[in-house]
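What follows is chain A paired twice: with chain B in the first complex and chain C in the second.
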Partner chain A sequence: MNLLLDLALVAWLVVLALHVARTGDDRNAIVAFIAFGLLLGLAWTRLGAIDVALTEAAIGGGITGLLLLRAEAHLRRGRQADGAPRQGGGAKTIVAALASAVVALGLGLAVLAFPSPAPTLAQPALAAIDATGLGNPVTAVLLAYRALDTLLEKVVVLLALLGVWALTPDNLWGGAPELKEANPPQPLLYLARTLPPFGVLIAVYMVWVGADAPGGTFQAGSILAAMWLLVMLAGLSPAPETRSRLLRLLLVGGPALFFAIGFLGFAVAGGFLAYPKPLAKALIVGIEAALTVAIALALGLLVAGPSNKAPAR
Partner chain B sequence: MAEFLTGAAFFILAVTALGLFRVLRSELAVERMMAVQLLGTGAAAALVLLGAASTSPATTDVALLLMLLAAFSCAAFTLGQSEEPGDAPAPKGDES
Partner chain C sequence: MTPLALAPVHVATPGGYLLVLALTLPVLGVLAILALAPRRARQVALASMAAGLAVAIAILAELLRTGDALTYVVGGWQPPLGIALRADGLSAALIAMTALVICATGLFARGMHDLAPETRDGRAATTFWALLLATWSALNAVFLGEDLFNLYVALELLTFAAVPLVCLDGRAETMAAALRYLMFALLGSLLYLLGVGLIYGAFGTLDIRILSGLGDGGPALSVALALMIAGLLAKAALFPLHLWLPPAHAGAPAAASAVLSALVIKAPVFLILRLVLDVAPPEAAAFAGQLLAVLGASSILFCSVMALRQARLKLMIAYSTVAQIGYLFIVFPLASGPEGMPPWETIAWTGGTLQLVSHALAKAAMFLAAGVVAEAFGHDRIADLGGFGRALPLSAAAFGLAGLSLMGIPPSGGFIAKCLLLTAAVINGHPWLAATILAGGLLAGGYVFRVINTALASPAMPLTTRRTIPRRLEMTALALAVAAVLLGFIPLEPFGLLQIGRSGLATAVLP
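Here is the complex of A and B:
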């Protein structure tokens, strides 16, 4: 029964992916792509990678979908203004299809070329987990064994946000991005009032449970960002001005705390990003909480885009 | 028992998939968006069943997240809808 379920899941994923690729209309393709992300979350669960499943659901189902829909709405507005028809060349399609096929084939060959019991560090990771006080080996890898990678990853998110902000015209610098729809429909207003309390609760739960079970910073941050974007879309609360000092402090706060604790490791635990053993869990949960706020703000602002209103004098 | 629960999950997913392809091919934009809702509900139900079958409680968390984000995606879909010409209750998503 399990094998049947897995085979069916693979078949649905492939068919849905082909549907996304074949759909001519951009918005239909994006809607199918969001559905694909949700189904992929289910597939990761079947593989036993619950942490990945949570991330895939949060990013694929939440943030990416909104980002793509916003980009499509923007492009469509531009096309309507030009009056130019959409360019869809036959040659381009064939080149893109060939490139995708080559990449898929290459990936398939690479996966088949893996040695058959795959080299794994799972046993050493589990053996050392008691030193961190955590129960979830994925969190232990992310915030203890390979904390440097996670730290740099958070800095990269900030750099990406700087890249988006750099697109702001000079006269609008420091202003707020505008997300609110012209006439938000009633159901959207209703949803923007009812959904965020549940979302915030689930996000807090995700951070807290991440120490001992699947969950963690990035998932929680994406959920918070999605809820924040929903409130901004409905116009219930305007987007913050990008020059706001509090906003910038919160954005930098998470990685800065991570760096500070990392350097403190030299003094108390004998190395960069080393935690003193009795405090390890408390420090890790503290870093996760600060990072969640920073990631939620950064992801929300990434989707909101560069400011398009002049700052209030 | 686990076998039965997995079978039930398979059945739910099969029915959801059939519904999904019917809805995704629909002419109406609103109906296509319902595909995401459909999948959110169907996949969450399947996950809860699979979680019970495999006794891994974290699977339920994935179901929780799928429900939340399926509802969120529907809200995101209203983007750019308001400026579409003609205030028809179900505007078509077709180009030009």
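Here is the complex of A and C:
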């Protein structure tokens, strides 16, 4: 029964992936891509990787999908304005298809040659977890064993946001992005009024529980971002100006706290990003909370895009 | 679990904390720029530059003092579970090179921004400072990383710092160039990440030092390395994956072009070197080396000819970058010395490193000089620049001196580099590579002399500058060009610094 379910899941994934690559209609492809992200989340659940599943569904299915849909709507308006037809390259498609086939073949070859049982660091990761006071080995990997990677990834998210902001025309620099739909439909307004309290509650729960069970900053951050975007799209609250000091402090606050505690490790725990054992869990949960706010803001602002209103004088 | 992985492979050294500082200080500057008012951005950047330069010098001094590599185990978590940072002689040399070029371009950018006080605290200037510092952290992370996934994060940091630099001026064509760069860079990241996943699946570790001791890897390792190297080649813009580079590097503001061309593309090259040398099994390494050398030689010949044909100065310099990167790839077969001699004791290893460093200095000098020319005359069409040497003698001199290094004319770092590579090619019996090195030098002479000739021409109507250029701006480019020339006084033999911290690996590789 389970095998049948898995086979169906894999078949759907392959079909959706091919559909995304082949369809000529952008919007159609994006919707299929969102479905692909959600199904991929299911696949991760089947593999027992709940943390990855949650992230894939939230980022791959949710935030990325929203980002792509907005970009497509923007492009479509531009195309209608200048009337240029879409062009597809035949040679490029063939090269891409060949390259993908070669990579897929290589992957198949490599995966079939994997040793069995697979070598894994799961045991050492569990064995060392006591020193962190955490219960979820994934969180231990992200915030203790490989905290440096996580820290730098958070800076990458900030840089991506800075890259988007850099596209602002000079006279609008520091202003606010405009997200509000011209006439927000009633269902959207209704959702924007009722969903956010639940979303915030779920996000807070996810950060808290992430220390010991699946969940954590990125998942909670993307849920918060989705709630914020809902409110902004419905026009219930305008997007903030990108020059706002409070906004920037909150954005930087998560990574800055992470750095500060990391450097504190030099003084009290014998090294950068080392935690003193009795305080480890408290510090990690504190970092996660600050990071969640920063990620939620960064993801929301990434979808909102560069500002298109001049800053108020 | 192999028994090798149980014993600690990385032992932290006393000076190891310097590596953490090299990696984090610039990024802390980025956070400060984001949090503070825009007019503070340049102060933060200049302070970070001073601190970063001091750290780079300290790392070099510590390495020379102890004669051994610096190691830091982050958070005290031993690999393979945790992450180690390590600086051997080569890493330290590259970190010092990066600090030098970043500080010089930073000073140049400050001068450029001063020319237009009204936009000095605006979008482009503020963003530039943040991205410059982020690039620096990313480069240091690449040079220090010992963990393949940590290196992936470093590459991502580098991509997201470098791509927006291309389109800072906001014109549609630079936006298109940046987008194309992003596509190539993301494709490269994706292939690299696939390879990382395969290596973890096959070995349960991503630490390069542990991997180097594992011996035969089987098909998974071969496929993984092929994917990773292909991805890195797309980022390094080696022929035929170079298409994104010329418009991107030529379209960026001068200071950004200098950093992109001199430093950013060196990061993937360095990682390819580490994969081939430290991770690949010997036969696979030899095969990959031959293939990379063929691509490198094609790069030298094809892109030098392309550089000769460019009408615009900055595009010419950008094509010259792809050609000069080619030299770094012909090092692979040349560095396989006589039986039993590790690569880092060969003259080709020293030659390759010198080529990397001298190109960084010379290319940064050229782009900065070209930036001054474009600022002074409002365009960079070579044909309409006749006699620019009279108006901007220092910039013309900087261009000429940097050109010496690219051509490989003594005295210059480029001469020593190409001389060592040529000798290695002749000794090891690679006549085609020797011929390529010579042909590349001649072609470089062609495109450099074309510009020098223009600079020294005396047109009927002398060129007039749009605005006066402060002497200090021109001096930055000249200083970098002089540094590239001074590298030529390094003795012609395998260089001791580059062997520091390598011998430990030799025992790990050879049973």
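Here is the rule we go by: the second predicted complex is superposed on the first by the 311 of 313 C-alpha atoms of A that agree within 3 Å, B and C clash if a C-alpha of one lies under 4 Å from a C-alpha of the other, contacts with A are read in each partner's own complex, and residues count from 1 in each chain.
Basically, a residue touches a chain if its C-beta (ideal position, glycine included) is under 8 Å from a C-beta of that chain, and two chains touch if they have at least 3 such contacts.
Small disclaimer: the values here were computed from a predicted structure and weren't measured.
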item: Contacts of A:G254 with chain B and chain C, given as first, second, both or neither; value: neither
item: Contacts of A:A113 with chain B and chain C, given as first, second, both or neither; value: second
item: Contacts of A:L162 with chain B and chain C, given as first, second, both or neither; value: second
item: Chain B versus chain C as contact partner of A:L148, first or second or both or neither; value: second
item: Which superposed partner A:G305 touches (first chain B, second chain C, both, neither); value: neither
item: Touched partner set for A:G216, first chain B, second chain C, both or neither; value: neither
item: Touching partner for A:L233 - first (chain B), second (chain C), both, neither; value: first
item: Common interface positions of chain A, toward chain B and toward chain C; value: none
item: Interface residues, chain A side, partner chain C - complex; value: 103, 106-107, 109-111, 113-115, 118-121, 123-125, 128, 144-149, 152-153, 155-156, 158-160, 162-163, 165-170, 173, 243, 248-249, 251-252, 255-256, 259, 262, 265-266, 269-275
item: Chain A-touching residues of chain C, taken from the complex the two chains share; value: 1, 12, 17, 20, 24, 27-28, 30-31, 34-35, 38, 72-77, 80-83, 119, 122-124, 127, 130-131, 134, 137, 141, 149-150, 153-154, 156-157, 160-161, 163-164, 167-168, 170, 175, 191, 194, 198, 201-205, 218-220, 223-224, 226-227
item: Residues of chain B defined as touching chain A within the complex; value: 3, 6-7, 9-10, 13-14, 17, 20-21, 24, 29, 32-33, 35-36, 39-40, 43, 46-47, 50, 56-59, 61-62, 64-66, 68-83, 93-96
item: Interface residues, chain A side, partner chain B - complex; value: 1-2, 4-5, 8-9, 12, 15-16, 19, 24-25, 27-28, 31-32, 34-35, 38-39, 41-42, 45-46, 50, 53-54, 57-58, 61-62, 65-66, 69-70, 72-74, 76-77, 85-86, 181-185, 187-188, 191-192, 195, 198-199, 202, 206, 209, 213-215, 219, 223, 226-227, 229-230, 233-234
